[in-house]
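I am attaching a structure below and will ask some questions about it afterwards.
For clarity, chains are labelled A, B, C, D and E in written order, and residue numbers in each chain start from 1.
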Amino acid sequence: MDGSDIRIYELRRMDLKGATIIDGFPSVGLVSSIAANYLIKVLNLQHIGIMDSEQFPTVSLIRGNEPLNPVRIYAGEKGRRGDQIVAFISEFQPPANLIRPIAKAMVEWAVEQRCRMIVSPEGLIVDPELRDSADISDLVFGIASTVRARELLKQHSIESFEEGVISGVAGVLLNEGRKRDFDVATLLAEAHPDFPDARAAALVLEVIDRILLGIDFDAKPLFEEAQRIEEHIKEIQKQAVGGGRDKEIPRPPMYG
Amino acid sequence: MDGSDIRIYELRRMDLKGATIIDGFPSVGLVSSIAANYLIKVLNLQHIGIMDSEQFPTVSLIRGNEPLNPVRIYAGEKGRRGDQIVAFISEFQPPANLIRPIAKAMVEWAVEQRCRMIVSPEGLIVDPELRDSADISDLVFGIASTVRARELLKQHSIESFEEGVISGVAGVLLNEGRKRDFDVATLLAEAHPDFPDARAAALVLEVIDRILLGIDFDAKPLFEEAQRIEEHIKEIQKQAVGGGRDKEIPRPPMYG
Amino acid sequence: MDGSDIRIYELRRMDLKGATIIDGFPSVGLVSSIAANYLIKVLNLQHIGIMDSEQFPTVSLIRGNEPLNPVRIYAGEKGRRGDQIVAFISEFQPPANLIRPIAKAMVEWAVEQRCRMIVSPEGLIVDPELRDSADISDLVFGIASTVRARELLKQHSIESFEEGVISGVAGVLLNEGRKRDFDVATLLAEAHPDFPDARAAALVLEVIDRILLGIDFDAKPLFEEAQRIEEHIKEIQKQAVGGGRDKEIPRPPMYG
Amino acid sequence: MDGSDIRIYELRRMDLKGATIIDGFPSVGLVSSIAANYLIKVLNLQHIGIMDSEQFPTVSLIRGNEPLNPVRIYAGEKGRRGDQIVAFISEFQPPANLIRPIAKAMVEWAVEQRCRMIVSPEGLIVDPELRDSADISDLVFGIASTVRARELLKQHSIESFEEGVISGVAGVLLNEGRKRDFDVATLLAEAHPDFPDARAAALVLEVIDRILLGIDFDAKPLFEEAQRIEEHIKEIQKQAVGGGRDKEIPRPPMYG
Amino acid sequence: MDGSDIRIYELRRMDLKGATIIDGFPSVGLVSSIAANYLIKVLNLQHIGIMDSEQFPTVSLIRGNEPLNPVRIYAGEKGRRGDQIVAFISEFQPPANLIRPIAKAMVEWAVEQRCRMIVSPEGLIVDPELRDSADISDLVFGIASTVRARELLKQHSIESFEEGVISGVAGVLLNEGRKRDFDVATLLAEAHPDFPDARAAALVLEVIDRILLGIDFDAKPLFEEAQRIEEHIKEIQKQAVGGGRDKEIPRPPMYG
């Protein structure tokens, strides 16, 4: 299994040269999901493709009477400042064996499309013992795969992330970026691990806005987005409206 | 494993251009199974093929002194209104790893045969808390893979299914339909998850009749079908008449 | 894994055109094993081949100072009436994942050798509740893969098996026979699931004799065969005479 | 997995035409290991090759300041009577899935090298109940794959092993020998399953000597060999001198 | 899986002909890790490549604001005495199924680069019972794959390691070295299995220095390195600063 199983299908062709990709695969505090969903709404990004694999969940998500794949790609028009945004959104947490193939497929696609950079919004879980001694609750830390991208973070006065471990899709994206000399940056804000943390997402988005967009920033929709996601989680856990053939529902293996 | 393991064998060649496929893989309340079996009887569909895989159960079902594969395809003649019906019937609940390959094989076969549409009858489990506030017990909801198919549902005044999750074979059929621009529709009626729900199947069949067939509709055989399926389930669970070599029967692994 | 792993090796070439194969893979009450072993003795069938697979048990069975593979093929000379008999004998119960490949390999080999038919002797477990109302203890039921073979069973006044499930090797043989239009028949007699049932085997053999052989039939050796098999089972379970390297014997994984 | 994973590497080329191979893979009472190690010492066999597989243990055994693979091949010069001896020694008990590929690789290599025969020394566990009625404690039983080899055993008055089961590498060697008409013999002496049984090894070696070597036979080193092996087992179980990176030693999965 | 999954990527080309490779995969007491990290610092080795596999952990280690792969290769300039050093560093303990492919990839790469030798620093766990009778706490033992390398160890008066077991990457390196006639040496010092043992690493480094480098040796940084590693272990175990998407953090499998 060398990632060949992960495929990206384009539903609509679009010139993405120079665009920045937001990695919306679930992170600590769902910071990435909230941020990516917010950008899709605010920037009115269009559904242009899906990522699919034999090993992804066998579900169709229904939103506004449309069936959706669990992993989707959205993209916007090129902005005035050339800052075109592409967002990957995943409604499910990839299991360990899919993390590397997913990240590799993202980087490969980014290179093919001649995109400029991949940005992973991330939550930072701070050791309660350390939290008292150093208040970092308002800071966004950055780490990048190349000297070029580290320079960019420094130009925008983003605190550098010196020592630690980045795991999951964001971690592999950094390693792949370094290996292939492609710009990948992770932006980290302190987040609560147990629920969707809109405050952390707002901090990261503010930095994304500063680097890439330069638009007016309204935090309110973020908190609504975090709340919406929380409700969706509850909904999915409590009920199976429209859910057919769930494993949870006992049914005889053979009938006739 | 990319679905190549699932094969469709045609026992009898038939022109299926423009036909509508009913997905009879087990759903909530076995709505799909009851509906598909009913159509096979009422429309006198003929057994024209089987779906097979190395991973399907190693059983032969005996019905009327004939051995049958657990997953079968039935088809009828072209109707006056051109509404030829094809039904997939599965006597077993596919495990998670077979759901995607089964759904993909159905869509591929449908495209090859130049069929018009796939329809999945589905049961809808309603959260008891919600049930009081909104009585949906008489409604059939619809969701479709393409703008074209959504338009068709709207023309026949079928309630649109706005938000939720469709899992299993029906969910993958919707996603594949969207990806390949093939018409797939799921029709959902409130169903009881614990037993074969003939009432829900009748509601869905009434809609299928309205869209596709326009024939007189007699609900009685449905309830008989639901009862027959329930008895078969009990029979299979309680006894193993004609059953040979079941895992449940303790036998020494090696003798001589 | 598409069955390619199962191989049949011929130790001795023989013309088997028109022969009937007895499937001796373990069935309920070991009806198949008793019947096949009986025919090997009575008809003096010769060991002509083996079926082998990377996944078969790693044992050699010693009988009369000769090492034997766990799955073997025996064949007799063409009879006066042309009813040449071939028997497959397996000393082990195939696990679920080998059932389909074994059955497919048998049918393929039967077609290659231009054999006439495959017959599976089977035990029928009757629900105790049903047993009182309908005494079937002296009946043999038959089910066949083709119209042709069903006609044959009818000509010999064999009770038809109307509804039920045939699982295991016999079940897949029926399905494959139907798919490939090859004659496969299962003959079922009520059998006790917990021990080798010589009485059931005698009933099935009497039918095989009637259809195929027309020789005088002596039931006594059958009961001896059933007893011999029972003793072998006990022997294998209690002791490991000549058994080397069993998993049950604790030995250090590494020594020196 | 069809055995292609097992490879034999020759460290030194040698003419082995007509040689007899002693199968030293662990048997009941380690009869095979004691016998093979004894022959290596007494006949001064040289280390000529290794058997290797991706699935063999990842260890190097250090003996006399030399690193050794866990499975090795030793060979001697051609004797006066032409009885050249080759020994396979394995320091580990092969798991179930490797038994067949190992035995097949041995037979294939034996055929390629034009060796004469493979001999497996084996321990025989006797049912305590049977032991009283028939004292077999001084007997060596033999079973062989071909009529030719059975004749050889008879010529040397070796008791024939009539009924039973030979499992593991020795069992598959017998089956493969029969299938390929290659001479394979198993020599069995009653052995204790719980510790290395030098007495049983001495009995089997006496027979090997009688058939193949005709040299003077000194039993004492055998008991020393059995004791040495027992000590090695204890040593490996109790300590890990020189052992690095054992699974048993708890170490953090990630550090830095 | 024959090791083809393990790949070495060179970030920077360098002539490594005649260089000695230090195997820094985790050993008992992390002797190898401490020694390799020390050499990287003292000799100012440069990060020239990574070893990667689909099965390596999906993490990026952040050190000094740079993202690092978990397995890395460092190399120095050719020394006055020609003793160029290459170090493999792994931040994770390879699971059993990766040990052989990793060791094989190292040897293959060493041969390709025309390196001179591979040296594995190892910890030796001594049986407490034996420790009293023979004090080996100041000794370094050596074992090598070839006569040539054993001669080298003898020239430098390194105690020979006579009997034992070397497991893990170091064990397979010795076996592969012997098979391919490539010089591999393991240097063992008594180490504590439960924590990073700087004292053992100092002993082994002193020997490496004597054989290869002939530079002044300052033990102090070693103890600092051991302490640093210990702190990193605690840090990783206690917190997940910068850690995103850890399995330990409970998050819903599907949301939206």
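Note that a contact is a pair of C-beta atoms (placed from the backbone, for glycine too) under 8 Å apart; a residue touches a chain by one contact, two chains touch by 3 or more.
Note that this is a predicted model, so its numbers are computed, not measured.
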Legend entry - Intersection of contact partners for chain A and chain B: none
Inset, instruction - Count the smallest number of chain-to-chain hops linking chain A with chain D, moving only between touching chains. - result: 2
Inset, instruction - Trace the shortest chain of touching neighbours from chain A to chain E and give its length in steps. - result: 1
Legend entry - Approximate Å spacing (C-alpha centroids) for the pair chain C, chain E: 58
Legend entry - chain B and chain C, separation of their C-alpha mean positions in angstrom: 36
Inset, instruction - Among the residues of chain A, pick out those that touch two or more other chains and give their numbers. - result: 57, 59, 61, 63, 165, 236, 254
Inset, instruction - Beginning at chain A, go round the ring through chain B first and name each chain as you reach it. - result: A, B, C, D, E
Inset, instruction - Can you check the complex and tell me which residues of chain E touch chain D? - result: 1-3, 25-28, 30, 33, 57, 59, 61, 63, 70, 91-93, 96, 99-101, 103, 120, 122-127, 130, 141, 143-145, 150, 160-172, 174-175, 177-179, 186, 188, 193-194, 229, 232-233, 236-237
Inset, instruction - Note which residues of chain C are touching chain D in the complex, please. - result: 5, 9, 11, 50, 52, 54, 57-65, 67-69, 236, 238-247, 249-256
